[in-house]
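First chain written, first letter: the chains are A, B, C, D, E and F, and each begins at residue 1.
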Amino acid sequence: MSFLGLGGSPNVSSQAKIQAAEAELDMVTGMFNQLVDICHKKCIGTSYNASDLDKNESLCVDRCVAKYFDTNLKVGDSMQKVGQNGAFGVNR
Amino acid sequence: MDALNAKEQQEFQKLVEQKQMKDFMRLYSDLVSKCFTDCVNDFTSNKLTSKEEGCINKCAEKFLKHSERVGQRFQEQNQLMMQQLRR
Amino acid sequence: MSFLGLGGSPNVSSQAKIQAAEAELDMVTGMFNQLVDICHKKCIGTSYNASDLDKNESLCVDRCVAKYFDTNLKVGDSMQKVGQNGAFGVNR
Amino acid sequence: MDALNAKEQQEFQKLVEQKQMKDFMRLYSDLVSKCFTDCVNDFTSNKLTSKEEGCINKCAEKFLKHSERVGQRFQEQNQLMMQQLRR
Amino acid sequence: MSFLGLGGSPNVSSQAKIQAAEAELDMVTGMFNQLVDICHKKCIGTSYNASDLDKNESLCVDRCVAKYFDTNLKVGDSMQKVGQNGAFGVNR
Amino acid sequence: MDALNAKEQQEFQKLVEQKQMKDFMRLYSDLVSKCFTDCVNDFTSNKLTSKEEGCINKCAEKFLKHSERVGQRFQEQNQLMMQQLRR
């Protein structure tokens, strides 16, 4: 990301590496938070008769996570297909 | 991504701890917001009814258990993905 | 939060104190923003016949805030009960 | 939380000012988003109808008054909570 | 924003200028993201029979963006009217 | 806003690049979330059905085209606003 950092002082390079690690952490955490939210909406009822997940809810959550990962890959494919000829509006 | 050296690891670790704090606070406030939305709908008084209290307790516990389960599956799927990438 | 900071140089310790103050500010601000949003949904109609809150809306907002604070405490209790045996998924 | 000394106070104050700026912008854009969602539903023309304009004005004013009222109650509840913690 | 920065060292002043530029960038980016989201909800159906926008959807998107800009101005007027006598709750 | 000098421009440019990275990741995850919400509703198996796959592909492509169109109109409206402010 930082052109100046390439082959530059070890200090700048460290900063760039830590920023990349931070970006990766943010992405994983963000995906996890989204998953919690979205699978709650898809699988957990809002009547709250019990504080445990019942069997249907548990199964649904497991499948929800698996299907979300697959969806993630599929969307990645689509973005590569469309995205490379510059479809990201404002930032250019 | 390049591997971090020991000093960078240490700095990154501090960052992770800060983020965990923020994450925890976010989880907490999301939980309050969700359980309030789902459980509290009677505004004829300014005290929670006992029915609302029961709902909030179950909602919060269930959300945490749900979150834990998602976390387990998430780690499994992540490992699976890593294995496939390595092949 | 910062183990190195404890008893360390005054500089690091200052940073840690300011970070803690910032986290507290963020929490209070975040809670306020959520409250504005959620009590608007619960209490304010979307037909917008008038620009003032009517009597019912005002009363509803007051009770909404009070009940939200109580909900906050209740959720805190539940989290202590469940949370300590490690139910926070990804960050470990 | 440890009390901040004068120098730390000053630094924190700068941070608060930055955040207030961001908060204000966030409030503004939330307001636009909410009133647009609730008031604008006719896309047969690219001009706001007079009915939509009236709705947007009332929506915005009402939201700000709502936000002010929530702020008052929020401070009261906060003080109440602090008093209970001190006992 | 930074009182110390006024007439202060060139370094602090640079920081303040960059922060102001950052705030402006964040505002524009935030508005764009909101627009994408809101006009998707208003104009794009969720049945996904095709991967192209049809004529109605395209027209709707164009008008949605124009009307959003007008709404933005109208809300600004209202905020000036109400906002100056201090209606922003928690931050004071 | 004061104009930035060359050195400040350079620093700001670095910031912009960082933000673009974050923006891109945000767009990506919003897209996944939206298309998952709209297209995946069958949890009797842990594999996507072919119908769901088709829906996801169209949803993603359409969202990107939508986003591009909004970007074009956004820039036009921005320029229009700037012209009006200058008068």
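The rule is short, and it goes like this: a contact is a pair of C-beta atoms (placed from the backbone, for glycine too) under 8 Å apart; a residue touches a chain by one contact, two chains touch by 3 or more.
The shown structure was predicted, so the numbers you read here are calculated from the model rather than taken from an experiment.
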{"item": "Between subunit B and subunit F, the fewest steps along chains that touch one another", "value": "2"}
{"item": "Furthest chain, CA centroid comparison against subunit B", "value": "E"}
{"item": "From subunit C, the most remote chain by mean C-alpha position", "value": "F"}
{"item": "Between subunit B and subunit C, centroid-to-centroid distance (C-alpha), Å", "value": "15"}
{"item": "Separation of subunit D from subunit F, taking each centre as the mean of its C-alpha atoms, in whole Å", "value": "25"}
{"item": "Of all residues in subunit C, the ones touching two or more other chains", "value": "26, 28-29, 32, 36, 43, 62, 66, 89-91"}
{"item": "Where subunit B touches two or more other chains at once, by residue number", "value": "23, 26, 39, 57, 61, 65, 67, 70-71, 74"}
{"item": "Touch list for subunit B against partner subunit A, complex", "value": "1-2, 4, 7-8, 11-12, 15-16, 19, 23, 26, 30, 34, 38-39, 54-55, 57-59, 61-63, 65-67, 69-71, 73-74, 77-78, 81"}
{"item": "Residue ranges of subunit E in contact with subunit D within the complex", "value": "1-2, 4, 19, 23, 26-27, 30-31, 34, 38, 41-43, 59-60, 62-64, 66-68, 70-72, 74-79, 81-83, 86-91"}
{"item": "For the subunit F and subunit A complex, residues of the former touching the latter", "value": "14, 17-18, 20-29, 31-33, 35-37, 39-41, 43-48, 52-53, 56-57, 60-61, 64-65, 67-68, 70-72, 74-75"}
{"item": "Subunit C - residues contacting subunit D, complex", "value": "14, 17-18, 20-22, 24-26, 28-29, 32-33, 35-37, 39-40, 43-44, 46, 48-53, 57-58, 61-62, 65-66, 69"}
